[in-house]
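First chain A sits with chain B, and in the next complex the same chain sits with chain C.
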Partner chain A sequence: MAALTTTKDRYLAEFEALERQGALRSPSWLTPLRRSALARFAAAGFPTTRDEDWRYTNLAPLVASAFRPAEGVAAVGLLPTTLERLSVGATGWPRLVFVNGRYSARHSSPGPLPVGVRLSSLAEAMTIDGDVVARHLARHAGWDANVFADLSTAFARDGAFLHLPAKTSSETPIELLFVATTPGVLAQPRILVVAGPHSRATVVEHYVGLTDDAYFTNAVTEVVAGPGASLDHYTLQEQGAGAFHVATVHAALEGDSAFSACAATFGGRLNRTTLTLRFGGESGQGALSGLYVVGGHQHVDHHVTVDHAVPRCSSRQLYKGVLDGSARAVFNGRVIVRPDAQKTDANQTNKHLLLSDGVEVDSKPQLEIFANDVKCTHGAAEGQLAPEAIFYLRSRGLADATARTLLTLGFAREIVDRIAVEPIRAYLDGTLRARLRAARATKEMS
Partner chain B sequence: MLSIRDLSAGVEGKTILRRVNLEVRAGEVHAVMGPNGSGKSTLAQVLAGHPAYTVTGGQVRYLGQDLLAMPAEERARAGVFLAFQYPVEIAGVSNASFLNAAVNELRARQGHPELDAMEFLGLVDERLKLVEMDRSFLSRPVNEGFSGGEKKRNEILQMAVLEPKFAILDETDSGLDIDALKVVAQGVNRLRRPDNAIILVTHYQRILQYIEPDHVHVLFDGRIVKSAGKELALELERKGYDWIREEVAATQPTGA
Partner chain C sequence: MPTTMSTTAKTLESLANREYKWGFVSDIEADTLQPGLDEDVIRLISAKKQEPEFMLEWRLRAYRHWVNMERTAGAPKWANVKHPPIDYQQIVYYSAPKRASEGPASLDQVDPRLLETFEKLGIPLAEQKRLAGVAVDAVFDSVSVATTFKEKLAELGIIFCSFSEAVRSHPDLVQKYLGSVVPYTDNFYATLNSAVFSDGSFCYIPKGVRCPMELSTYFRINTAGSGQFERTLIVAEEGSYVSYLEGCTAPRRDENQLHAAVVELIAQEGAQIKYSTVQNWYAGDAEGRGGIFNFVTKRGKCAGRGARISWTQVETGSAITWKYPSVILQGDDSVGEFYSVALTANRQQADTGTKMIHIGTNTRSTIISKGISAGRGNNTYRGLVKILPRAHHARNYTQCDSLLLGDRCGAHTFPYIEVGNASSVAEHEASTSKISDEQLFYCKQRGLSGDNAVSMIINGFCKEVFKNLPMEFAVEATKLLGVSLEGSIG
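And then the complex of A and B:
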């Protein structure tokens, strides 16, 4: 308990220090938001396993370490070859690059974009697009329940801003690359996507760690989709082995809009994603999916909440995990269907492939249905690779390890194949294969 | 080519095969018949190297090698192929990528370069024709949602692509309609060469009209109790297995 208090106090002291130095440079509307977020963080502190939402995810190792914002860290040079290797899309995709949480203009290429579409660092947006940012930043979510979102709001300085005015559409996906290079760093990227009526875009958040030492990324993404807007959001997480990765994604959807999220998790020591999708207008569509492929002592926690507050919306959740070694997965899928939300169509599936006896899974659906004319289904499954399938493949000449890899890829295919953007699909497929190859090599060595 | 000597095997402590003896020479087709549960599939699976079955006695020589000492994949690479009685469904793995992985694995072991996408498709297209299968089956997950007959055809497609030296077809004829049976049988015949051999497990003599066996064996309660020419299949079709049962009872009055 003492340790928890100390760490919290350190963050509070850090905040006061940054304010004194004027490093936070808040526009006037942001200061009260920061203060109230900080006050909530000060009151609540970091959650413990006594909190229902954190029962299976122990933050003690995160809380025990001291992380500091990348203030004094000089802009790290990234080799062009490194950037090349880490790019998901083709050249020509608009791309913002962040190093240790700070925007790196010299590595970024924010264009070309259709007329009217704004893509910039959040810091720049706060001055240039101040009113749009002010209208939406930290305004949509029920942030009070999420300490990590509060921490982000209190310290919000850097991140990405995308604004799509009505009827604009960015045909090329927009890539946000977050590179961690320095141990001990606290990176708090804040991403705000404001999609006007009938606009469309695809956004890729790509997290990469170039160090296997401990660091902490606390990312918050807010998506606001106007009527008829369509947004596809991807997260590719390849953090370093010692990383703590906490992500909060909140999507607020107006009528007839569509939002999809696909989160692929490979890296990090402790991962927690809190995703909330809130339908604020009729006939909205949400498709949420996740693939996590982890081993060793990795921990992956997905807390998904879909809030059907209005009628005739549909939501799909498909989360699949491949667990090896002593990895642990937590999935909590909450679907709320409020009394007015008739004709809701919600479904949720969570499946795990267990590749070793040492893994642990806590998967829980949480359906809270207060309307009667609705269709809500959920399912969960976990299992090992079928021995009959392994033998079938071996009987055709494939080595045991090859057979297992093929079957594991088969398990993941359902997620990979639903990715409509070919370069993203190909990148994920390549990462997945490399990951399974590496895991196999480690197994063969031991 | 294949020499089975006193082979005994079982599963989970239960004895299924009891001292099976069988000699298969290059170029031959052997039919193995016998009542349900007599051990035909067990024999097939043991020869293919299924790890669930325990060999408790005897030995199997295959092209001068100790077959039973080889893991399943080694046997396949040495040219052994089993067409499964119940082909396994594999979610998320397309027929094409499965065949591709298998072909290239074999080629790698034989010191041949991998086939590129064009060469592979060329090969598969040709073999699809042999079993009159549509190309659309390539993009579907292996056996998933295939009808019974389609699964059997898919087994023969794999056989046609992998070109084994020694194939065991475990009731490949069951579940095939009359036309499909002809197609599959013709496919198998086209794959026959003087230097390969086939064991054909079947309940019906119909397929033996198309793929003529050199020898017909009856497996009964884990033993080969009768071996003869192709006329034995006709006799079994006419008379059933009761007379075999009686013969066995007569020669082994003390029972098993």
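And then the complex of A and C:
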């Protein structure tokens, strides 16, 4: 308990220090938001496993470590070849690069973009696009007592901003690359995507760690989709082995809009993603998916809430995990159908492939339904590779290990194959194969 | 389709207006304590029941623990139910029908009005013995009134008696098993029960004996403001078998009554216990006034290899149902089953489900839960499947379906699945739907009335559970659902 208090106090002291230095100087509308978020964080502190939302994820190691915000963009030069290697998309993609959570202009190439579309660092957007940012920043995420969203709001000063005016569409995906280079650093990128009516875009958040020591990324993404807008959101998480990665994604959808999210998790020591999708207008569509391939002592926690507040929306969730070593996966999927949200069609699936006896899975798919003319289903399954399938492949002459890798790949490909953007699919497929190869090599060595 | 609409509307209306058929009060002289709870009350309960010292000690330990719980955390708040706080000092903790100092030697000596009550309940007793072939240990406001078929069972070495009697005549068995599955520290309501339980049933099946008939208890709360705290303990020795039926009703009253029971089952190697419940406590009126708070702890332990425990429940009554019949699968190859139908109409709330704790290897569990919500009812399935790391090759299958019969009701599913090794398989499926217009249309074009169609579809929805009930109970359960849907079925 004492540790929790001191860590909380350390963050509070950090806030005071930054404010004294003028580092948190912000537009007048943001100051009260910062203050109230900090007050909520101060009152609540870090959650423990006694909190229902955190019963399977123990934050003690995160709380026990001291992390400090990076002072400006570190002098670490990222070699063009490194950047090239870390890029998901082609060279022509608009790209913002963040080093230790701070925007790095010299590594970024925010163009070319269609006329009217704004892509910039959040700090810049606060001055140039004040109105749009003021209307949406910190107005969506953290609705459900989320201490990490509060922490982000209190310290918000850097991140990415994308604004798509009505009827604009960015054909090329937009890549946001977050590189962590320094141990002990606290990175709090804040992403705001505002999509006007009938606009379209694809956004990729790519997290990479160049150090295997401990550092802490607390990312918050707010997505606002206007009527008829269509947004595809990808998160590729390849943090370093010692990383703590906490992500909050909140998507607010207006009528007839569509939102898809795909989160692929490979790295990090402790991962928690809190994703909320809220339908604010009729006939919205949401497709949420996640793939996590983890081993060792990695911990992956997905908390997904889909809030059907209005009628005639449909949502799909598909989360699949491959667990090896002593990895642990937590899935908490919550579908809420509010009174009068008739004609809701919601589906939720969570599957885990358990490859080693040391793994642990805690799955909690929940339905809370207050309307009767609805179609809601959920399913969860935890199991291993079917011995019949392995036998079949072996009878065809494949080695045992090859057969297992092939079947595991098949399990994971259900997510990969759905990705519409070819370079993202190819990148993910490559990462997945490399990961499974590495896992196999480790097994064969031991 | 306007006709369908009207049928559904009518069904809903009848659900909302359904009357409680069992809402009569028996005017029987009762030996009742003043409301309130302290150590003296517990000593008095224990003294009235002429209990041995160990029993009183156990009750007092439970009471002291409960006082501490009430002072600190209080009653559990995690359940998806809402009710005003319960004043535990306003409850009557002991109420027994007054009778001569010696208990009745036979049914003839029992107060005829009491027998009349049982007649009204339609439970098989006395002359219905032969017909139903059921031995009944009827618990009427806490004290067992009549135990039938006892001699017949005694020949096989089966002990089936009231809990009070078991405490007096078989203290060694009670002392050995009481609290071995649900310790007195288990949870707020179980602890309260451990301190104040008044009576209940005790059942012991010796090694290798197959109980030749279904054993049955009928619970009924009669005295106003009295809580019912019964305690059931069933021990099935190696290779034995028993099927146990439990049914519950209560008169209608405007205030809420607390019912906090504890049921413990122990199945040794190769033994099988089948426990069936039809719960029809008074559910309160359409505005949610009155009704029973049914806060029950039920748990079985498959202690030996290949043991099998199966819970089947049909929950149609109570203002609030809070119960999670669970199985601890300790023995290798043991099997746990849970089959449930829960209906909430008017303003009823149910938060019910099960826990399957897999400890032994090759343990298997099946969970089938059917929730029906109507009116402003709220129905929650809450279940835990926990497979411990050393429970290799464990297997679970869970299916929970909800049917919504109105646009003001709610259906909620909160499954917890915890798997701790890689050789086990856990599967969970759930769906929520309403009776579709297509289904109704199909039935109607085959000549069924709308009401019959609704009834048929609901019975079909519950079939997987009903088929696990003993025949008499299956009939009663179907009837109970029928009462709930009265007006739409003839």
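One rule holds in what follows: the second predicted complex is superposed on the first by the 439 of 446 C-alpha atoms of A that agree within 3 Å, B and C clash if a C-alpha of one lies under 4 Å from a C-alpha of the other, contacts with A are read in each partner's own complex, and residues count from 1 in each chain.
Methods note: contacts are C-beta pairs under 8 Å (C-beta built on N, C-alpha and C of every residue); 3 or more make two chains touch, one makes a residue touch a chain.
Quantities reported herein were computed from a predicted structural model and do not represent experimental measurements.
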Comparison of chain B and chain C by chain A residues contacted: C
First, second, both or neither for A:387, with chain B first and chain C second: first
Partner chain in contact with A:360 - chain B first, chain C second, else both or neither: second
Touched partner set for A:374, first chain B, second chain C, both or neither: second
Which superposed partner A:411 touches (first chain B, second chain C, both, neither): first
Touched partner set for A:139, first chain B, second chain C, both or neither: neither
Contacts of A:10 with chain B and chain C, given as first, second, both or neither: neither
Which of chain B and chain C A:437 touches, first, second, both or neither: neither
Chain B versus chain C as contact partner of A:167, first or second or both or neither: neither
Chain B versus chain C as contact partner of A:297, first or second or both or neither: neither
Shared contact residues on chain A - chain B and chain C: none
Chain B residues touching chain A - in the complex, by the definition given at the top: 48-52, 71-73, 75-77, 81-82, 84, 87-88, 90-93, 97-98, 101-102, 105-106, 109, 141, 158, 162
For the chain A and chain B complex, residues of the former touching the latter: 386-389, 391-400, 402, 406-407, 409-414
Chain C partner contacts - residues on chain A that touch it in the complex: 52, 323, 339-340, 342, 352, 354-384
Partner chain A, residues of chain C touching it in the complex: 78, 389, 392, 402, 404-434
